[in-house]
Amino acid sequence: MINKTVKNAQEAVQDVFSNAVLMFGGFGLSGIPENSIQALLAMNINGLTCISNNAGVDDFGIGLMLQKRMVKKMISSYVGENAEFERQLLSGELEVELIPQGTLAERVRAGGAGIPAFFTPAGVGTEVAEGKELREFDDKLYLLERWLKADFAFVKAWKGDTAGNLIYKGTARNFNPMMAAAGKITIAEVEELVPAGELDPNQIHTPGIYVQRIFQGKNYEKRIEQRTVRK
Amino acid sequence: MINKTVKNAQEAVQDVFSNAVLMFGGFGLSGIPENSIQALLAMNINGLTCISNNAGVDDFGIGLMLQKRMVKKMISSYVGENAEFERQLLSGELEVELIPQGTLAERVRAGGAGIPAFFTPAGVGTEVAEGKELREFDDKLYLLERWLKADFAFVKAWKGDTAGNLIYKGTARNFNPMMAAAGKITIAEVEELVPAGELDPNQIHTPGIYVQRIFQGKNYEKRIEQRTVRK
Amino acid sequence: MLTKDQIAQRIAKEVKDGQYINLGIGIPTLVANYIPDDLDVILQSENGLLGIGPFPTEDQVDPDLINAGKQTITMTKGSALFSSAESFAMIRGGHVQLTILGAMEVSENGDIANWKIPGKMVKGMGGAMDLVASAERIIVAMQHCSKNGQSKLLKSCTLPITGIRCVDMIVSDMAVLEVLPEGGFKLLERAPGISVEEIKSKTEGKLIIEGEIPEMNFAN
Amino acid sequence: MLTKDQIAQRIAKEVKDGQYINLGIGIPTLVANYIPDDLDVILQSENGLLGIGPFPTEDQVDPDLINAGKQTITMTKGSALFSSAESFAMIRGGHVQLTILGAMEVSENGDIANWKIPGKMVKGMGGAMDLVASAERIIVAMQHCSKNGQSKLLKSCTLPITGIRCVDMIVSDMAVLEVLPEGGFKLLERAPGISVEEIKSKTEGKLIIEGEIPEMNFAN
């Protein structure tokens, strides 16, 4: 079986270049590729376009890349909880494209699946529809939306094997599977890396074909944004 | 948790009506809803439109419904290995729409996912493209294809729970997950039905939301079309 | 005037046995507390879960298990986890039967505005545009008026809209109203102590009043 | 003239380490037998498997584990199972790097016909149209001529086509040919004992011959 293991995050991200289009799995801070983000922060690159449902918080996740002014443009569905983000946006330093969350998920899925465009009802009659083709099917209006692809996709899984097969945990799955498929180079970091053959083929969430590099992650902080407990 | 269990195949299929559009999971004879097909054969209905990758063989699967002349139209990607099918087709008794397999899979997926139409490269320049919109994206030509939905979808899983969650086995998964989502009424038969809570939520292939009725199947023949063994 | 909890309590009466429901952030989240125990419903979290359970105890807290508001949660028995693409396939495909969400404005033809205030910071629409464009039935939990007394039930929305002709029912702090397919807010119930006249004066959009309008009943 | 096994053996030389490959029914399936052991490649089965292993022993036979030709199979270590939609997402998305399939006709601009003979029984295109419209590299295994000696490498296909401008290479029982992007069959190798003249006379489409054309080498 093809072995896709690399030593660590530094080795995995070394060829990421300025002005590249990057995708990051995760919803809020859950399921984000913490190790890859750390490794990217150590690089001297900028002008990046980042596709991610959220933009992290001021001092964690993609928020740190914003602090370092590595990001030219964010493509996201929800970007609250981030003061530096707000500052850069209002000052015009940062471009932002806001996309309905389901449309974002489907555009990324389409990128991986070779579907260049599809129709969706989300955003009809709103400013999201501006400049987009509107068409009626079976008495309902839909917008034509295009695929999204990336030069590099960064995903985080619970378990992975050396062939690149991935299994996620809980709601940390979120955008990771689609982004794994939509990256020209997909870099997966996992909490537990096992030899090919140890994962049940019937339980794989992301088949290894989508993953070009995989490494054993370390020191996961897994920060919680809204710790809520029962009274 | 919502309980979707019905007693058996007879109860599950009782309201299927003449001229309905039906979907059947399975690839060849692998993963087909054997029990539901048997129950449908006992009903006095006809004029059915059947969406299924294949049409069974003469004496098994959907082939039996063709023998009984219950089917008006087949929508499939490959319909070989079936003499009665051939006879009905050549005599004009049976309508057939042949669709590239990936387009079939994606059209059914689109039906379940609320995507009324999408662009795909399969069939460009062939007779499949006749009457369809052709459009260029990033220097490649694509066809616009529509979603497929069904009045009833019949799927077969390995394990299922009373909430309708399903887990398939091996390559018997094939078209079942997409069809489960594309049926107005989806009827799942399983080899092993367990109470809600016994399946790992992280390993569910078809979330119960797509399934309206589920029953414990019996007497699975699981016929093999091409038994091939190592020398 | 109803409290937030009372709005949630009233909305809970609209929930039907066997429904799959998506609850938005804020008041809608509170609805879960008032769904009668004898109803089997399943709550969807658009970040990838069917079967949201109660908030966790301290030792159950799991950073890999959150809801769409990024709060830590638990799972009920028979739940299922999936990707964001699958989650919105469910939503867009009409499989989630009821969506309950907040709004800043609703127009008499059912348009909703709840994602953006121009000039103020824009946080994004999240999943709201997908939800309102797709759900079979949409109930809005909202304040009837702004802080300075302006009606939020309008002839047409003044804020950038989230979706068109989609709201089926509104439960505000003053009233329960149905949005008619042909346009107009049909008054169904009054909050305790609120008169029809008051509701009339606080509803800018077309208000339809037929016969006696009962007070809401929180008895059972 | 090459046997079917020799065609498969020659095609196996085109396989590169690390590739994900889809093998069609017939001769392409035989290619698996000739891929050198030191190459790590993964075979995709479009009915939902990455990592096709050898045929099973009698006691390994599992009706829930078949390939696209409906034959019983096994899985290799590190394989993954998925739905048909995911499988064709992989194919359409260009993740499967090499597709090897049979053909009834190929034209000099790379069109392929392999799914239908009008007037005869139509079995359907299965996954062939998706595969030829999507794969990065397509190699065709075919007979150079029909049973009555007519060339199957044509100026343009006479049968209903499966895909346009998609074939990259042909290995026939007579020759190995590259289909040039600008059109034309470029002769690369001759089958042992077959002369360039014979190939010329059996190729209706534009044949491009540059320099000496070596015989195929089955040595290693």
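Each chain gets a letter, A, B, C and D, in the order it is written, and its residues are counted from 1.
Here, contacts are C-beta pairs under 8 Å (C-beta built on N, C-alpha and C of every residue); 3 or more make two chains touch, one makes a residue touch a chain.
Since the structure is predicted, the reported quantities are computational estimates derived from the model, not experimental observations.
Enquirer: What chains touch chain B and also chain C?
Expert: A chain counts here if it touches both chain B and chain C, which gives A.
Enquirer: Centre-to-centre on C-alpha atoms, which chain is most distant from chain D?
Expert: When every chain centre is compared against chain D, the largest gap points to C.
Enquirer: Indicate the whole-number Å distance between the mean C-alpha point of chain A and the mean C-alpha point of chain C.
Expert: Taking the average C-alpha coordinate of chain A and of chain C, the gap between them is 29 Å.
Enquirer: CA centre of chain C versus CA centre of chain D: separation in Å?
Expert: A distance of 56 Å separates the two centres.
Enquirer: Find the geometric centre of each of chain A and chain D from their Cα atoms only, then give the gap between the two centres in Å, rounded to an integer.
Expert: Once rounded, the distance between the two centres reads 36 Å.
Enquirer: Specify, in ascending order, the residues of chain A that touch 2 or more different other chains.
Expert: Residues 106, 109, 113-115, 120-121, 169-170, 202 of chain A touch two or more partner chains.
Enquirer: By residue number and range, which residues of chain D touch two or more other chains?
Expert: Only 49, 81-82, 88-89, 91-92, 134 qualify.
Enquirer: What are the touching chain pairs in this one?
Expert: So the chains that touch one another pair up as A-B, A-C, A-D, B-C, B-D.
Enquirer: With touch defined as at the start, can you tell me which chain D residues reach chain A in the complex?
Expert: Counting only chain D, the residues touching chain A are 18, 20, 40-42, 44, 49-51, 75-82, 86, 88-96, 134.
Enquirer: Looking at the complex, which residues from chain A come into contact with chain D?
Expert: Answer in residue numbers: 1-3, 109, 111-115, 161-163, 165, 181, 196-197, 199, 201-202, 204, 207-210.
Enquirer: Please give the residue numbers of chain B that touch chain D in the complex, ascending.
Expert: It is residues 27-31, 53, 76-80, 86, 89-90, 96, 98, 100-106, 108-109, 120-128, 158, 169-178, 205, 222-230 of chain B that touch chain D.
Enquirer: In the complex, go through chain C and note every residue touching chain A.
Expert: It is residues 45-49, 54-58, 61-67, 69-73, 81-85, 87-89, 91-92, 111, 121-130, 133-134, 160-164 of chain C that touch chain A.
Enquirer: Within their complex, state which residues of chain B touch chain A.
Expert: Interface residues on the chain B side: 106, 110, 113-121, 135, 137-138, 140, 142, 146, 167-170, 202-203.
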